[in-house]
Structures are given as C-alpha cells and as structure tokens.
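In order of appearance the chains are A, B, C and D, and numbering begins at 1 in each one.
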Amino acid sequence: MIPTVAVTGTAPLTGVVAALLSGVGPASVEQLLATSANSPLPPLLVAVPLLVSIATLAVGYRFDRAAWSIAAIGAVLQVAIAGTLAWRVVTAGRVIHVLGGFVPPFGIVLVVDGLSALVALLIAVVTVGVLVYLRQAGPRGLGTTGDVFNMYVFLEITGLAAYALVASGDSGLAAVAALKYLMLGTVGASLFLLGVGYALIATGTLTMADLAVRLAEVGYQSTPVRAAFAFMTVGLGVKIALFPLHTWQPDAYSASPDGVSAFISALVSTVSAYALVRVVYSVFTVEFFAANPLARDLLLYGAALSVIAGSTLAVTQREVKRTLAYSSVSQFGLVAVGFALTNRAGLVGGIIHLLGHAVMKGSLFLAVGIIAIRTDARTIEEYAGLARRVPVASAAFAVLAFAMIGVPPAVGFVGKWYILLGAVEAGEPVVALVVVASTLLTLAYFARLIERMYFSPVTDSTGPAGTVADGGESSAGRDGRESESAVADGGSAGTDAATVDRNAEDTRDTRNDSDVEADTSAGADTDGDAGSAELDPVTDDPSGREVTAGMTAVVVLAAIVAVALGLLATELEALLRPTLEVLLS
Amino acid sequence: MIETGSLRPLGAVLVAALSIVGIVVFRARPNVREGWSVLGALGTVAVIASMVPGVLAGQAYVTDLGTFVPGVRFALRVDPLGLLFGLLASLLWVITTFYSIGYMRGLDEHAQTRYFAAFAASVAAAVGVAFARNLLVLFVFYELLTVATYPLVTHDETGEARAAGRKYLAYTFGGGVAVLAGTVLLYVLTGTTAFTPGGIAALAEADPVLARAVFALLLTGFGVKAALMPLHSWLPDAMVAPTPVSGLLHAVAVVKSGVFGIARVVLDVYGPGLMGDLGVGLPLAAIAAFTLLTASVIALRKDNLKRRLAYSTISQLSYIVLGLAILSPASMVGGLLHIPAHAFMKLTLFFCAGAIHVETHTDDISDMAGIGRRMPVTMLAFAVASAGMAGIPLVAGFVSKWYLLIGSVGSGQAIFAVVLLLSGVLNIAYFWPIVYQAFFETPEASDRKPLVESPLGGRYGDGPAATRADGGRPGDGRDEDPKGDRSESDRNDTAATETPLGSGTTRETDSEAAGETPPPETQDSPTETDAVQSEGEQAVDRYPSDHALPGDDRERDENTADSKNETAGPGEDRESSEHSTFHDHAYDEPHGPPAGGWEQRAFGEESSWFVLGPILTVVAGAVVLGIVPYWAIFLRVVELIVAGVTGTPRVVG
Amino acid sequence: MSLTFLEAGLLGFVLVCGLTTALLKDVLSSIIAFAAYSLGMAMFWVILRAPDVALTEAAVGAGVMSLLLLLTIARTVRPSHEAFTESIRLRTAGVVGAFVLVLGTTIPSLPAIGSPSAPVIDYRVTEYYIANTYAQTGVKNAVTAVLAAYRGFDTLGEATVVFAAGIAVLVVLRKEGFV
Amino acid sequence: MSAVTDLLLTRYNYLAVVVLSGIGMYMMIENRNLVKKVIGMNVFQTAIFLFFITTAYVEGGAPAILESGGGGGGGPYVSPLPQVLILTAIVVGVSLTAVALALIVRIYAEYGTLDEEALREVTGE
C-alpha cells in the first residue's frame, strides 16, 4: 500500500512542480496586462492536481483502486484544462491570471503563452499515459509562473517528487541513485537560486517581464548580470543533465521503476529545459547574447559536446535503460543547441525536439518496461530475438527508435531539420556538422538494439553462458564484430551457442510460412513461455507482473503520435508563432 | 507543363503502403497474404499507368498535402522523370511478386510475412521517391526506403546477414545524412527545394563554392545507393538477401533510387547549364567511368553468381550516371533509358540465378558447367539478358548504349566512348563464360572460373587436388585458432588475387575474396556426411585455412561471421551455401552438378511456373525495349524528360 | 555599513564553525559544529535586520535540522575514526578553489553592503512594498504581508514542498515501518 | 585605503558567502560519509541565504515592521522581498534534507554502510 501512496502522492506533486514555469517576453508589464486575456484557468491548472493528490493520498490509505480512479479523473480533468487553455491561447494569443489581484512586479502573475500551453498539455497528456500504464499513480499539475523565484520553488517541488519517484524503486540501488540525484539536483537548484540572487541584486525585481526590462537598463555586460546568467544556466544544465553535468541521470533512470523512468525522462528534464528557454529568452533575451557572444558560444558548443558525448557513452552501455539514459543526454544536447542558436528556426527546432523527445523517450522506457515484464530482458544481449516474443512492444520500440534517429517524417526528423536549418542560418558549420552527425550517432546505439531484437537468434540469457557473453560484451560494445565474437565465445564456454542457433533454425525451418509471425524460436528459448506470447499481448509472464492491454496501447499510441507529430509540425509552429515573435523580439 | 491537382500520385504510394496492412493481417493464411501482395502490386501499377497518357501529353499530376516544414510543401508530383521510375518500379514489382512467391515457397523460407510486408513498404517508398515534388520529400522517402529494405537485407538472420545489414544501414544512413545536409544548404541558399526542370534559377546566383559543396553533398548521399565507387561496398554484401530482393531492390528500386536522386539533382536542381558552368559534370563523369571499369574487372573475378551480378550492377549503374554527367542531350537519353533497360535485363539475370538456386542449390559459376541441359529456358533467358548487358543489338542494352555513345562522341568527350566500348568488352568477358559453359561444357570437362585466375579460354584437365592459383596447398594453413583464421586467409587471398589490374582496388577485392568462403553450416545429416567425406578436397580448396572439422566450422562461423566482409554465398540459403566451398567437387548431390552431369529437362519442367513465368516476362520486356523502344513508352518518356530539361524537341533522329 | 567588532566577531565565528564542520572527522562533532554555525548565522541575520528569517533559521536550521541529523545517526551508524580531522585532498580543493575564485571575482561589482542606492533597495518593488503594504493588507510586518499576500503563490509552493517532502520520506522509508 | 581593504570593509559578507559556499561544496565532494555530505549541502545553501539577506540590508535601516502604517514614515527599512524568498528557501532546504536523510537511513538498512567508497564497491559501480 505504501508504494501506492508514494507514487500517488508524489507524482501529483511532480506535476505541480513541473508545473509551470511560464513567463512572458520582454514586453513591459503594463503591455502584458493590456494585451492578454484574463482567465481563472491557470491557477486551476496548479490547484487541481494538488487537490487531487491530497485526495488520492487520503483515499489511497484505504482503497488502492479508488485512489487510481481519482488520480485518473484528475489527470483527465487536467488534460481538459490544459486543452482549453491551449485553445484559448490559439484564439486569444495569451492568457494570464493575476494572483490575488496583486499586479506584478509586486505580486505574482501566471502567464500562459503558446509555449507554456504546449508544455502544460504535454505534461497532462503524458500523465494520463503514464497513469494508464502504471494503473497506480496519481495526477500532476502544471503551472505557469512569470516569476523567477517562483520558478525555483517549482523546480524544487519537481525535484522532490522526482527524487521520491526514483527512490520508489525496490532495490537499494534506487536509494543510492536517488540520493545522488538529490545532491546534484540540489546543487543545481542552489546555483539557480544564486543566479536569481545576482539578478535580484542587479535589478531589484523578480518578475520576468520586469527583469527583462531592468536587465537591459543595467547593462548586459555588467558582471552581476553575467553571473546571474551563468549560474542560472549551469543550475538548469544540471537539472537537464547536459554533459558533463549529467552524472546523476543514468543511475537515476536505470535504478527507478520503468514507469518512473518514463515519467522523469518525459517530464522532469523537459520542464527544466523549458525553464532554460524561459530564462534565456524571456529574462535575458536575445540581446544578452548579442552583447555576450562568449556566453552564447559556451552554451552552444557545450550543448554540441553533450550531443557527441552522450551518444558515445550510450554506445558503450550494456543495459538498455542506461543506453536510453545517455541517449537523453545527447538528445537534450540537441535541444539546447537549438535554443542556443538564438534564431527562429533553431528555437522552433529545439521546442519541437523537446516535445518530440518527451513522447519518444518516455514511450521507449514504457516499451522497455513491457519487455522487462514479459521476458525479464534488461541488457542488450538479452534483447536478442525479442521481436518474436514481444512483437507489439518490439515494433513500437523499433518505430520509436527510428523516429529518434530522425527518419522522416517522424517528429525526430522535423526537430532536427529545424535545428540544422537554424545552425546553417546562424553560420555555425561545426554545430551543423554535429547536428547532422547526431543522426549517425543515434543510429549507432539504436541499430544495435533493433538488430538484436529482430535478427539475432535467442540466446540463453540466464545460464552461465549468458553471463560469460555479457562479460565479453562490455568491452566490445562499440564494435559489432567484436561483440558478436564475444557472444560466441561465451556461448561455446557453456551452452553451445552454435547448437542453440541451429536448433532455432531447425525449428524455424520445419515450420511453415503460416506461423512465421508466431514463431517462438523455441529451440533456444529457455523461458518456456514464449510460445504463447505471440498473438496475445496479455499473457503469462514469468515474474508475476502483468502487461495490461492498456500498457501496450499507450506505447503503440505513442509510436503513432511520434510519427504524426512530425506531420503536424507546421501546426505546432503556427501555435508557437506569436510566442516566438515575442521571445525573439 | 500543366499541373493538375489529382490524388493519383498519392494513391500510387498509398495502395502499395496499404497492401502491407493486408499482408500483416492475413499473416496466418499465406494464400490470402500473397493475394494482397499481388493486389497491391497490380493496384499500384494500374494507378501509375493511368497517368501515362496524361504525362505524355504534357500534363503533370500533383497531390499537395500541405506544408511540411516552412517553405517546403509535402507534395507529390508525377512528371515524366518520376513516371519513368515509378512505372518501372511498380511494373517490375508485379512480376517480382509472382517470382517471390515461387522462390520463397520453393525454399520454405522463414518470416515470409515480414518479407512481403517489407517488400511492399520498399516499393511504396520507391514510388514515393519517384513522385517527390521536392528534394526534402524525396529525402523523406529515401530514408524510409532505407528502413524498409533493412529487414530484407538481414532476412537470413545469420551473422553475415546481420553484418551486411549493419553495413547497409551505416552506408545508407551516412548517405542520407549527406543528402540532408545538402538539402538544408540548398534551402538556405535558394529558399526552395522544389524540382524545376532545367535547374533552380536562384542557384545560379548563389556562391559557386557553396553550390559546388551542395552538389558534392547530394552526390555523395545519392551516390551511396547508386553504388558509385568508393561507396559501393554495401551492395555486394547485401546480396546475402533472398534473390528476389537482390533482383528488384538491389538492381531496380533501391539502387535506382540513388541514381534517380542523381538524375533529379542533375536535371531538376542544377540543370545541365549550371552543371557546365560550375564544372561539376566532368568530375562526376570521371567517377562514373572509373566505377564502370573497375566494377567490371572485379566482376570478372567473382565466382559466386550473385556477386558477379552485383558488381555488374555497380558497373551498369555508372552507365546511367555517366550519361547524365556528360550533359549532352543524347547521352542523357541514353543514361535515362538505361534505367529501364538495365532493370529489365538485370532482373532477368537475378531471376535466373534465383531459379538455379531454388532448383539445384547451385550458386557458384564454377559449378554450372552444363547446367543448360538442366534448365534450358532459364539459361536461354540468361543468355539473352547477358547479350543485352553487353550491348548486343535487339536487346534493351543496345539502344541505351547507342545513345550514350552518340552522346559522348557528339559532345567531344570521346574518351568516355572508349570507356564504354571497353566496358562492353568486359561485359562479354564476364558473362560469356557463364553462358558458354552452361551449354557447351560438362562438369567433367570444364575450365575453372573465375576467369582472371586462369588463362582466358580455360585449361582442361585440372584435377581437383591440383595446386591452386592462390598458392594454397593441401593442408596448408590449417589453423585451429578461430581468431587467427581471418588474417590467415587474408594472406592467402592476397597471393591469390594479386593481378596486374589490382591498383587501387586490390585491397577491396582481397577482402571480398576473403569472405568467399561460406559459412559451412550444415543442416541435414546427408550433407554433413558429405562434408566430412570431402574433407580432403576441401583442404586443398582455394582457402585452405578456412577448413576445419564441421563442428569447428559451426563455432568458427559464429566467431567470424561478422568479421567477414562479405557474404560467402548466396545468403538466402544456409543449407547450400556451404557447398560453394566445393568449387570443383562434382559429386555431392543435389548441390552443384550431379554425378554424371546435369540431367536433361524439357521445356517447362525445369522449374515451377511461378519462377519461369516472371523470367520469361522480364526477358520479353528486355527484348521489346531493344526492338521497339519507342513503342514501349519508356523512350518516349525519356525524350520528354530531356526535352523538358534542354529544350531540344527530339534528340536523335 | 562599516564593519563593527560585533559583526566581525560573529562572522568569524560563523566561518570557524563552518570550517570545523568540514574538517571534523567525527559525524557527531560535525553536527554540533553545524548547529553552532546555524545559530551564528541566525544571530548575524538579526544584525542584518531580518528577525523573521533569523527566527526561522534558529528554529529550523539549528533546531529541526540538527534533530534530524542526530536522529539519522542514531538510526544508522556513527563510524569511529582514528584521525581527528579530515585530510585535505588537493585536487578537490583545487576544483573548489576555482569555483571560489570565479565567484570571488564578481564581488567587486556588487553594491556595497547597506548602500541605499543598491537596486534592491532603490527599485520600485521594495518601495512599493514599504509604501503600500499596510494600506493594502493591514499587516504591519511587511515580510509577513509579502509572504502571505503578494507572494502567496510562492508560499503555496512552499507548503507543497513540505507536503511533497513528507510523502517522499514516506516512500523512502516504507521498508522501515516508519509510517 | 587600498582596494583590497575597501573590499574587505564594504563587501565582507559576500566574501563570507564565497568562502562558506566553497566549504559546503568541498564537503559534498570530498567527505566520504553520506551524512556529512548532506551537512555540506546545507552549509552551501545557507551561504546562499546569507547572500540574499545581505542584499536586503540598508545602512541604518529598520526591520520591515511598518510602525507608522507605511506611507514612507519611520525611516529607511530593509527590503522585505529577499527575506521572504529566504523564508521559503529555508523551508525548501529543510524538506530536502529530510528526504536526503530518509534516503540515507534506507541505504544503511540496505547495505549497512554510509561510506561512499564502500557503497561504491557494494553496488558494483
């Protein structure tokens, strides 16, 4: 029961936390108030999940199932609110809510523009998805703030919820990873806070819109302003997990439960990246970069480095979840590259890739979860021949992986296209090269997985042979040839891999075409449950956990969304256009 | 050209794509599933054919699906060039589908649903490539084509198939990246990526250095799939795929999508005029000429039939590129016409190779002496198609090569005419021995192939145990350590294949040859026994170091499978691939020639009609193209294309 | 403001406590030093005219925090060491030194302590709070007013943080039977 | 008065902030005991709090208790804004510490050690 409470209680907070940090452009406060539609919805966006989470906590003590239902209702409500808000943003341009009637810069104002509406919607939708998947979590909310200190508070709430979620894993490793995450996350948040302090000392205000004006008055080249930028960016960089500030992230992702990994990867880092856009564009504005080209270059090249380093590390991993975790380092690098380009195409690309990555990476983790439940496969070697045992999840995984690689027309490609366009327009050949090469870098680690899932015979992953093969792999992971031979070595040491292979083929050959799809590769499959696994996705599993139709549906749906989003990129851009104009002005 | 809004371009892609659904849904019922394949193929070709009259009348059909990314519409358009490729791919898909059915069932292959689904997806993507309205949409389908073909290359799921698939992905995605970079640069330079016959006007005003860079990027990208040297090495490896795949995809759809991309770039992005101004035509032509000759020479040395065909493909694709690069109207007609011409001929050849494989499990040319008795129709078709490849009149290849010759001489670049003629000779050199020995030799009395290793004309009386050209001796190089295996055989091969011709390509060919030893994996006990019995002969075979006991073989296969640079044998069938080791060993039934030579089979009894029918159809197509090219539509379409680009109404009387 | 002896003394005390916290090897001693550090800090804040914050720091920082720390070592372990102080590793010290240096270079550009022309004091936000708080909220303590009214949303967040932390602790300790 | 003395006399609090945050950071990196790491984290945070409180101070100012009912009477006041922020931040900080300590308790229950090096060996990293 406690785990339920845990997830139920904290998840919602995450949402809240995640909540919302939105802001406005450098337009003056008065202008902001004059040009925006007022609405009671933004605070609801924050309040609903909070209330729901308290309700789930209370009810969850007695009735597990009821808690889930409440959470689900809350999440759906949240989607409705976020959807309505997004629609209002489309029609009215910008929606604000002045809290308690205290006008900024003295009070706090919630501002929803195209960007924050999108992030809000993303959070709400992902929550529903993860909820359906987990069938035991709570809702989350989202907020929008136009105040940098408020941003800190919400970042910390997000962080707290995330730490708790990571720690909800069963193993002691989860606790260690959570503590590491907590320490580094706190340092990141503290640095952000220090940055806020510098901004405050330089300007005397905290409201984004007001700050933007005041920072310009103070002068972008003054030391406190620069320090403010540096500390805020580095602080957020830790939270986003950009190389080399990423060290908490692989542990946290791989040690937490699968649903949690999905949730964190899809939302927590995403929200931090969103905060980065706000800080860079709404607070410091493009002119800051113009006055401090070094700051831009550092951010840009640091992000580019993150792309390369993340991919390289991803290739060397044995565990699938760690591979995906390092992949996030790389993909967020790409997002940050887009942001740092400070031109329209780059920014659009960054945002699209941010959203796309949330959908793709989150779903990849969910797919990994399904696969783990069904087959206990967690390492890359164990993924051999998976496609026959878990066809639907494998197919979704493959589609998502190719989308992530950037095969058009999926969303992964569209984001990359914009970022690349931005890099070329900005006259950054090196960065353009990195962006282009990121396709191949991503291919390097995903192709390895897909090949194993679809075209490798199943090997005995539980016996001693498997262990030997694993040992050989880690050093050879980078090179397909070596790894192949390493596996074979291991195989011959214990179980004769060749024999296993041959059995598999015999089995296959004796079968007729009719049941090929349902082929079990029984010859090599020691799990023994693979035979029935094929056509019915909801069958027995070795560990006692169940894969529900809902879980599979979420993953499949996400794969479709990943492709469809690519085709809808124009609409996304249209939604963002007014916001972009403000941000880039 | 009048543009007409129409759903038919989209329809053509969708029909092919939707057939996948049917194929997957009815995976448990092979007959219905194959019915969907056929239906999809017929539907696609019908939709495309319905546009032929309109296009010939100067119309273009456009489906506009809205903006994809700013400044770029997601639009499909059927213009003459697109029609040429789309019609070709879909037409041959119909034929190949029937052939696939015969082939896959004949071999009782695994994962047939995946095979047919991926096949349909590949063709859908190829049609998309054909009809793309602009470079970015073309890129979209180009990448999808890569993904869709990958399962086909790796179909076998053996170590070597995976290695080939990996190589294929690395090469083609690498190429895709270059195309993407080029497209972005082009967009930044000109603000558009739309194809314009005669070239994008704004490009002429762009910085020439950047324009050349874009050209180089695009060419590199498309050159991968077009197998221009030195980007070709994925293609021979990909021959590990089932033969129909090698036939349609690796001789028509996939490789031609690369060539087609180059054609789009040359004709509709740069235009011949700007190409000349930038001076990029000549380097391209030089690369094509180099590829053309080198690949022909390598083909000479391939004993595995499919590999020889693969190198022949590499060489023939360069004809097309060469024709485009020479930039004269006549050569362009020749080059473009060679797209369908080569497709028909090469498909015939692959079908024949596949038929031989299905019926007799023979893959190596050296095993095929006298096979004309066993498979008369097949080998006859093979002979006709080979003749066409060499440019002998009355077959398709002649017409296109004729135009190419006229074009190169006419534009004062006679050097390329010499190259073309030389290549024709080489074509004969590597095809004629196959045909000759099939009909006029017997297994007992045949010379050894590949030809380069022995004097032209062959040498009779070589016993199987004789010292090999590669210097291998019986028992030489026995190597118990699997790890040492590769380097050992490499050394042997270096000695074996050193030829006067091996300049820049020697290394390449060495490693190719190194892999020629197939994975001696055995499946059925009779074969295994054979393998043991024939140990003595094996040891003296061309790659002594590869020899080991069968048990070791299996293990070593695992170890080295991926390190092999190429497929050892026709990957579609592990059972028989081991037998390609037994080059001159004539006694193992039923692989290779049976004892006492090939039995005589009558017309129609040599194979199933699922296999023979397609062969006859394609070869007939090749002949029709050669005799009445104008009537066969393709030449008309080609002339329309060239006229649109250059403004010359009729190129050659 | 100029540096008085009281301030200098307190500041020195805080610094020494901080240093001691870092250097003492024994965890319990370190916790005690930390509590002293917090208390010193709270007193210093009184001098800086922040009584509310000082009160909170004394209660929460020195009180609750020390309690939690002590509770933790009571439930876990207090390793015994032969060495009395930590040994200083130069590499880490170098890294930290670099950070300190970077941070230090920004100091000269900051306004002098207590300067009435510093933006924080001078800008309209502070002036507005001072001028209007009582009229608008009826609360004399501007800090309370701002906390509860103007920045009530922050405070909502603060409450959420505590709520979240409570649940997080529940989650983390679920195996300990704390609940 | 030299520049350094001037710095010392007018910005001494900020110097203290720098030194204390350095101490906190050093503890987080270097100390092997997890509890001491958490203490270091708090030292680091408190240093930042000092930064904020210092910015709020004004020479001769009174605490922001508006005796006269506002309206500018009663002489200079310190700024309430940074103080409000730090009130919030202190609570956030203690919440984080509580969670961190809870994690430490669990780690100890799981592995029986709080030593970072030993833990690294046990978890096989």
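Heads up, the rule we're going with is that a contact is a pair of C-beta atoms (placed from the backbone, for glycine too) under 8 Å apart; a residue touches a chain by one contact, two chains touch by 3 or more.
Computed from a prediction, not measured in an experiment: that's the story for all the values here.
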| Chain with the smallest distance from its CA centroid to the overall CA centroid? | A
| query | In angstrom, rounded to a whole number, how far apart do the mean CA points of subunit B and subunit D lie? | reply | 69
| field | Whole-Å separation of chain centres (CA-atom averages), subunit A against subunit D | value | 31
| field | Between subunit B and subunit A, distance of the C-alpha-averaged centres to the nearest whole Å | value | 42
| request: Scan subunit C for residues touching two or more other chains and write them down. | output: 108, 110, 118, 120-121, 125-126, 129, 132, 151, 154, 157-158, 161, 164-165, 168, 172
| By residue number and range, which residues of subunit D touch two or more other chains? | 21, 25, 38, 55, 79, 81-82, 85, 88, 92, 95-96, 99, 103-104, 106
| remark: Each pair of chains that touches is included here, namely A-B, A-C, A-D, C-D
| field | Touch list for subunit C against partner subunit D, complex | value | 1-3, 7-8, 11, 14-15, 18-19, 21-22, 27, 30-31, 34, 37-38, 41, 44-45, 48-53, 56-57, 60-61, 64-65, 68-69, 71-73, 75-77, 79, 86, 88-89, 92-93, 95-97, 99-100, 103-104, 107-108, 110, 112-116, 118, 120-121, 125-126, 129-135, 140-143, 145-147, 151, 154-155, 157-158, 161-162, 164-165, 168-169, 172-173, 175-176
| How about subunit D: which of its residues touch subunit A in the complex? | 21, 25, 28, 34, 37-38, 41, 44-45, 48, 51-52, 55, 79, 81-82, 85, 88-89, 92, 95-96, 99-100, 103-104, 106-107, 110-111, 119, 123
| Okay, in this complex, where on subunit A does subunit B touch? | 402, 405, 407-409, 413-414, 417-418, 420-421, 424-425, 432, 436-437, 439-440, 443, 447, 451, 454-457, 480-481, 484-485, 487-489, 491-492, 496-499, 501-502, 505-506, 508-509, 511-519, 567, 569-570, 573
| field | Complex contact set, residues of subunit B against subunit A | value | 24, 27-30, 66-70, 74, 104-105, 108-114, 136, 139-140, 143-144, 146-147, 151, 154, 157, 159, 161-163, 165-166, 169-170, 173-174, 176-177, 180-181, 184-185, 187-188, 483, 521, 523, 554-555, 557-563, 574
| What residues on subunit A touch subunit C, complex-wise? | 2-3, 5-7, 9-10, 13, 16-17, 46, 50, 54, 57, 99-100, 102, 105-108, 110, 145, 147, 149-150, 153-154, 156-157, 160-161, 163-164, 167-168, 175, 178, 198, 200-206, 210, 214, 218, 222-224, 227
